[in-house]
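Below is the structure I would like to discuss, written out as structure tokens.
Labels run A, B, C and D following the written order; every chain starts at residue 1.
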Amino acid sequence: MTLILSLVVGTLFAGGIYLMLRRSVVKLILGLVLLSHGANLLLFLMGDGLIKARPPFVKPEAGVAPPDSADPLIQALILTAIVISFGLLTFVMALAYRADQAVESDDLDAMTSTDRL
Amino acid sequence: MAHHLFLPLIVPLLSASVATIIVRQHGWVRVIAVAATLFNLGYGAWLLVTIAATGRQVTQAAGWSAPFGITLVADGLSAIMLVLTALLTLVTIGYSFATVDARQERFYYYPLLLLLLFGCSGAFLTGDLFNLYVWFEILLVASFGLITLGGSRGQLEGGLKYVVLNLFGSICFLVGAGLLYGVAGTLNMAHLAERLSTIQDASLVTAVAGFFLVAFGSKAGLAPLFFWLPTSYHTPNIAVTALFGGLLTKVGIYALYRVFGTVFQSELARLAPLILVVAGVTMVVGVIGAMAQVNVRRILAFHIVSQVGYMAMGLGLVSVAGMTAGILFMAHNIVVKTALFLIGGAAEHLTGTGELKQMGGMARREPMLALLWLLASFALVGVPPLTGFFGKLGLIQAGLAQEQWLIVGVAATVSLFTLFSMLKIWNEVFWKKAYSDLSAMPRAGVGLLAPAAVLVAVSIAMGIGAAPTLEYSALAAEQVFDTASLVRDVCGPNGCEAVELAVGH
Amino acid sequence: MLLTSVLVTFAAAPLGLLARYLPRPPIGWILALLPLAAFAAFAAQAPAIIAGERMSQAIPWVAAMGIELRFSLDGLSLLFTLLVSGIGTLIFIYTAYYLAGDPGMGRFYVYLTVFMGSMLGLVLADNVLTLFIFWELTSVSSYLLVGYKHDYADARRGAQMGLLVTVGGGLALLVGLVLLSTAAGSYTISEIIAAGEQLRASSLYTPALLLIFLGCFTKSAQFPFHFWLPNAMQAPTPASAYLHSATMVKAGVYLLARLHPALSETPLWIYTLTSVGAITMLIGAVVANRRDDIKGLLAYSTISKLGTMVLLAGMGGPEAPAALVATILAHALYKGALFMLAGAVDHEAGTRSLSQLGGLRRLMPWTAALAILSSLSMAGVPILFGFVAKEEQLYAAVDNGLPAGLDIVVLIAVVTSAVFGVLYAWRLVSGVFFGPLGSGMKAHVHEAPAGMLVGPAVLTTLSVILPLGLLPATAALLQPAVNAIADDGVKISLYLIPSELSLPLILSMTALLIGAVLTRFEPQIAAAPSPLPLWFNGDRIYDAAINGMLQGATSFTRTLQNGKLRSYMTWAVLALVAVVMPPLVLFGFNGLVLPNLAGVGPFELVSALLIPVGVLATLRARSRLGAIIASSIVGAMIAFLFVIYSAPDLALTQLLIETLATVFLMLLFAVLPVGFERLTSDSERARDGLIAGLAGLMMAGVAFAAASNMQFASISQAFRAESRSQGFGDNVVNVILVDFRGFDTMGEIVVLFIALLGIYAMLRLRPSVEPTRDDEEAPTPPASLDGATPPEHGQQEQQETASEPWLKA
Amino acid sequence: MYDSIILRTVARLMLPILLLLSLFMLVRGHNLPGGGFIGGLLAASAFILQIIAYGPVHVRRIIPVNFLGLAAVGVIFAAVWGLIGLVTGQAYMLAFWLKEPIPGIGKLGTPVLFDIGVYLTVIGVTTQLALVLAEEPILYPLRRRPVSADRVAPEA
């Protein structure tokens, strides 16, 4: 499954990058969304293996979470990453929206005035 | 345990939050901003001294023993960056009083500045890789807010590219951190350094290091990842440009120094030729870009790129001497670049345009401004005995010592072209006859001149006091490379593997 | 005293600004006390130096880099310090008269003083880096002096050209000096010189020497870098007289002389200096005869003499060092005087053009007398000091240390330049002072103020009286300088009337004779076609280079920084691939085994496979709405995977965030336009697809490699074990989030908070003038922008706009 | 988009349920799935549902909370509890716990309070964002390039 999920990560990155190479602002945003999905899923693969049905909770009887439960640290990291990328992506959305409004076009190639020589 | 390391983070954070709530009371917001920044400046200065006297300062967030909790570590490099960041922010705030309009103040200009200070300070203090990612995001999103504040078309267009390319860099960082956690099972930099040094077949680690190279390189503005910089830096407030120009790319360089100097030491040796090539290309491409521009801030923006190349060269030489020179160069550049943006910006502010063609006559009209510019631009170019010279000389000496003739040649040549485009600004803005009648132009008041004057004075002081500055840079560079003592300071004498999770005091 | 003299000069520089407040000509005399004091101080050291002593002084500065403020005074330094401070005194006086009506005179004095301090530091320095620092400072201060009249484009161009050329050479010099010091193991010049043997054997010798040559040649206006000097004549005349004849341009010669004992007598040294010096000497001499501008004429004659000096430094032989110092002194005397006189003529007659001048002998008799005498010295006419120096040159040329063949060539060159020297001296004198009154002069030309003649008078007098009885004293003064250049018992003996009829004397007289004859053909020579090909014109090459560079830079930057985000993204992705792919492909898959798929259940397989489907659907969506929905499927499937793989918190967060993000995206973007246009060509799509595919493949590879290459136990085990006992919570993830790594979480909420501030400001703070779109009504942003309460009319609009298509569906 | 009766009804019903659920998630988060983030996001969803159903103007009126200020307060709330450690000469954010668990809630300590700060910040940020975005077409009505109906139609 690691292999399959690695390939899935690859498609997320490929799709995200392809979308970011397009000219539409919406595709750009969706590309970023896919990239951050890809990054999160990749992080998920970096935990202590893919473990089914053993979430990292403390077993009342043992007083500890089972050593073979899913990796709690990577989950915490991903959670942080998800929330951060939510904030950043929202910012990008608003910015793209405003740029689209100011330029009157959702074509990124129309947004070149600051580099014009 | 040096719990005081939290202070330069908490103070700006709480100040910013409070300032957000009372944002309509401009006077108070300004007072808060200045007070918090002054605190950080004073703290940074104290930390500089303390570290020189007693070495690294370490503390653990929430008291959890490293490598389990989040470690804050301050060494010489952190202290230098911390104090310069606070200085720049303070100067920028002062400049903003004279230049930023009230509407922007209402829309959280000062809180955003403080949050940027918060993010940068955190990035300089953390000893945890993932935590560094968080700090990067904080400073990035604060910079996003500042660069688009005002909402002009240029800001939005440039800002979009700035944001997207930096986000790509962030994603690389996140991926790199994740991969590294997968490979090494930890996030604490000291622990990572300890573990990675034992890996025999490090090729996968080299690939992982590549992600960090791209992530930090894109934040630093190395070729070919710098495009976000020239496209956006000339669009926001002059004060914001100045702060960003001095500071933000150097956070990327700081991270390169820190992570490659400490965590990826063996990878650094492997990647050194690549880093040198990138450094050389960055210098050249940046200076070519600067030559092509005809706008004050756009020229300066491309120069940032070019000079980041020098700092990368300091890393690519993989020696204490190289990094010492790199740190010296960076410290110099942070101060001087901001000064140049402030001075050029003042001319732009007064003239009403930054287009070289439509400027002129400033040398006669504002001789003080001209003098400041002359000093700062010669410092940037590396005319002795101003600061830039020592950084450049150090890099040349370190490069020659390692027989890296090519990069030394490029570095020397590029500084000639740097001079050329600085002269272009000088000729067009200051020496040339005024393009239009300047008699109605407002005079440069203290509010415009003093911030730049402070920085120029600092630069001159750093030049005259080059010996102690250099000594401190050398101390900082040694500390960056000295992983053994880092592990000892962070995890104790037995190394990080031996530590058990507990609340340490 | 050495350090003091330099530092005091710098510290006194702001005094020049007094010229703004004090009466004009007298201020020059007051300010001249500074260089005069320096002159006196150095002159006072002369007896000791002549006696063979050597003064030294050092204070550390940046020891770690080898920079030490180490100064030492020996014969060579003494000669130069006396020239710098002595001529400086005269120039300071002269300036007050020359610029009497100029409001910027104070500034000019500041620059002059800074320059003088730099020059003193340069010739006193006994540390190569200190020397370099002052070297650069002379370039910078001369930049300010040349560009003094910066309202004129030519002045700016001349200043910039000089600075670029000299700083460019300076950079080479810096690298060369560092290399030299590396080879010698010391940055102290005297120690470097002591290590001469070792240096010449070092592998660094050749590169170091070539780089140092580059520095010296640019500074001393040697071919092919000579072109900046005539352009530097845009400087006010006092600066030209000071910098461009007497002092700064000799800095390169000084450094060559200084390093002569250590580095000379290798083929590289001899051939380079001889050829460059000889060519410069000849070109300067020839072109000086073709210049109409008298300052231009003097500039080229200076170039010629600088070439002579370099030639002397390179040729070797017993007489060359003596000839070199004699030439330095003689040239400073007559050329300083001539420049000042040219300034006086310009000042009074209002022009510097030979074709517009003439007959001034009657109107400016004193000027004429001094100029004639100094010109005779320049021409090498007997009984003037120029003659003495020329004799020395010819002696050196006759008795040079060059291999057979070359020695004759050099001798002929020296004689030829002597011939041309006669010619341009004659041109100058006859053109300005003789013949009919010039056509282009001001009306009522009269003698220059006495203050402007003080300097030339002193210098000319020296040219005259030194040979008349003071030669032994001069020789005594110059002897230590010669010793510094060639430390092998070379004796300098200056004489006016040789004891016997020698070859040099014959050659000298012949040159005078030929020169005198040639004066009859002066107009033809001036009008003759250029001896150099037309394209070979430093000015033109410089301009072409600058323009070419600018154009090249512009088109390069236009291509690279083209404003297109997708092009920037392409670079970023390619950079990532270039850095990560090679190590991964070459080494990353060592010992990996393909995993078995036995444990893969249907749920995870389906949700995993739905992700690529969702990605593909997003790519292929024809509308915004479709793309947004397709991408949210991806998010949902990832959440589902989180559920399957024991991450309930993640799954919940992911689902909630995904929903919110989709809502936000729809609020902003789902509205219009609905369809995607096809904006890129097929080939672009194919290329982007290839790049994206490559990057995706790499990410898959690196993820898999890392996931199957975990070499260390994760620290997370400790969290599982201690979550309850130390974190008092059973949800380990949450305990990590709020306690173990709560600091991260704090950063994370701050990110959200800042993002809110930024978005809020971006949406609500708009430029007061938003570019209007169509012909529709201009936007009317409500008065209260920060939106705590939207305006009342919003409510009506809300009703009107209540039918967005995306929720209608 | 604000005139769907079903949506409004659902939204009205969901508001208390979601808010309660969010509190529940917040409180239980230390031991079961949940926590400040998830709780905050749930609460924000409740408000956002109102915004979608009734429009931002209405929501501003019935919930007169300055969410941006709430977010700032949340950040301060989360940050100040850490100071206890600092003023007692220990590490920032060092956890302090009440000895006895509070019935129905569990052990109470500064990490829980921190989580409440997270909760408040997330509610503030998310809701304010939704409000600002939803108000966008009201404040700046679309004045776009003309759109032809046929381009809209296929997607509807």
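Here is the rule we use: a contact is a pair of C-beta atoms (placed from the backbone, for glycine too) under 8 Å apart; a residue touches a chain by one contact, two chains touch by 3 or more.
Predicted model, so just to flag it, every value in this text is computed and none were measured.
Peer 1: Which chains are shared contacts of subunit C and subunit D?
Peer 2: The common neighbours are A, B.
Peer 1: Weigh A-C against A-D on C-beta contact pairs and write down the one with more.
Peer 2: Counting C-beta pairs in contact, A-C comes out ahead.
Peer 1: Round to the nearest whole Å and give the separation of the Cα centres of subunit A and subunit C.
Peer 2: Taking the mean C-alpha position of each chain, the two centres sit 47 Å apart.
Peer 1: Centroid of subunit A to centroid of subunit D, CA atoms only: how many Å?
Peer 2: Taking the mean C-alpha position of each chain, the two centres sit 21 Å apart.
Peer 1: Provide the C-alpha centroid distance between subunit B and subunit D, rounded to the nearest whole angstrom.
Peer 2: Comparing mean C-alpha positions, subunit D is 35 Å from subunit B.
Peer 1: What whole-number Å value describes the gap between the mean CA coordinates of subunit B and subunit C?
Peer 2: 25
Peer 1: Which subunit A residues reach two or more other chains?
Peer 2: 20, 25, 28, 42, 45-47, 55, 57-58, 73-74, 77, 79-80, 83-84, 87-88, 90-91, 94-98, 102, 104, 108, 111-115, 117
Peer 1: Which parts of subunit C, given as residue numbers and ranges, touch two or more other chains?
Peer 2: 554, 557-558, 561, 563, 565, 569, 573, 648-649, 653, 657, 660, 664, 668, 673, 699, 703, 706-707, 710, 714-716, 719, 721-722, 729-731, 733, 737, 739, 741-745, 748, 750-760, 762-764, 771, 773
Peer 1: Hunt down the residues of subunit B that sit against at least two other chains at once, touch-wise.
Peer 2: Expected reply: 13, 17, 20, 61-62, 130, 134, 137, 141, 144-145, 148, 151-153, 160-161, 164, 168, 175, 179, 181-182, 230-231, 292-293, 503.
Peer 1: Which stretch or stretches of subunit D touch subunit A in the complex?
Peer 2: Those in contact with subunit A are residues 31-33, 37, 125, 129, 133, 136, 140, 144-145.
Peer 1: Taking the touch rule as given, give the residues of subunit C at its contact with subunit A in the complex, in rising order.
Peer 2: Within the complex, subunit C contacts subunit A at residues 554, 557-558, 561-566, 569-570, 573, 594-595, 597, 599-601, 604-605, 608-609, 611-612, 615-616, 618-619, 624, 627-628, 631, 634-635, 638, 641-642, 644-650, 653-654, 657, 660-661, 664-665, 668-669, 673, 676-677, 679-680, 688-689, 691-693, 695-701, 703-704, 706-708, 710, 714-717, 719-725, 729-733, 736-737, 741, 744-745, 748, 751-752, 754-756, 758-759, 762-763, 770-771, 773.
Peer 1: Help me check something: in the complex, which residues belonging to subunit D touch subunit C?
Peer 2: Checking each residue of subunit D against subunit C gives 1-4, 29-38, 41-42, 44-45, 48, 52, 55-57, 60, 66, 68, 71-72, 74-75, 78-79, 82, 93, 95, 97, 107, 109, 111-112, 114-115, 117-118, 121-122, 124-126, 128-147, 151-152, 154-156.
Peer 1: Show me the residue ranges of subunit B that touch subunit C in the complex, using the header's touch definition.
Peer 2: Subunit B residues touching subunit C: 13, 17, 20, 61-62, 64, 67-70, 103-104, 106-108, 111-112, 115, 118, 122, 130-131, 134-135, 137-138, 141-142, 144-146, 148-153, 160-161, 164-165, 168-169, 172, 175, 179, 181-187, 191, 195, 199, 201, 203-204, 206-208, 210-211, 213-214, 217-218, 224-225, 227-228, 230-231, 274, 285, 288-289, 291-293, 363, 378, 381, 383-385, 389-390, 393-394, 396-397, 400-401, 405, 408-409, 412-413, 415-416, 419-420, 423, 427, 431-433, 466-467, 470-471, 474, 500-503.
Peer 1: Using the touch definition up top, name the residues of subunit B that touch subunit D in the complex.
Peer 2: Where subunit B meets subunit D, its residues are 1, 3, 6-7, 10, 13-14, 17-18, 20-21, 59-63, 503, 505.
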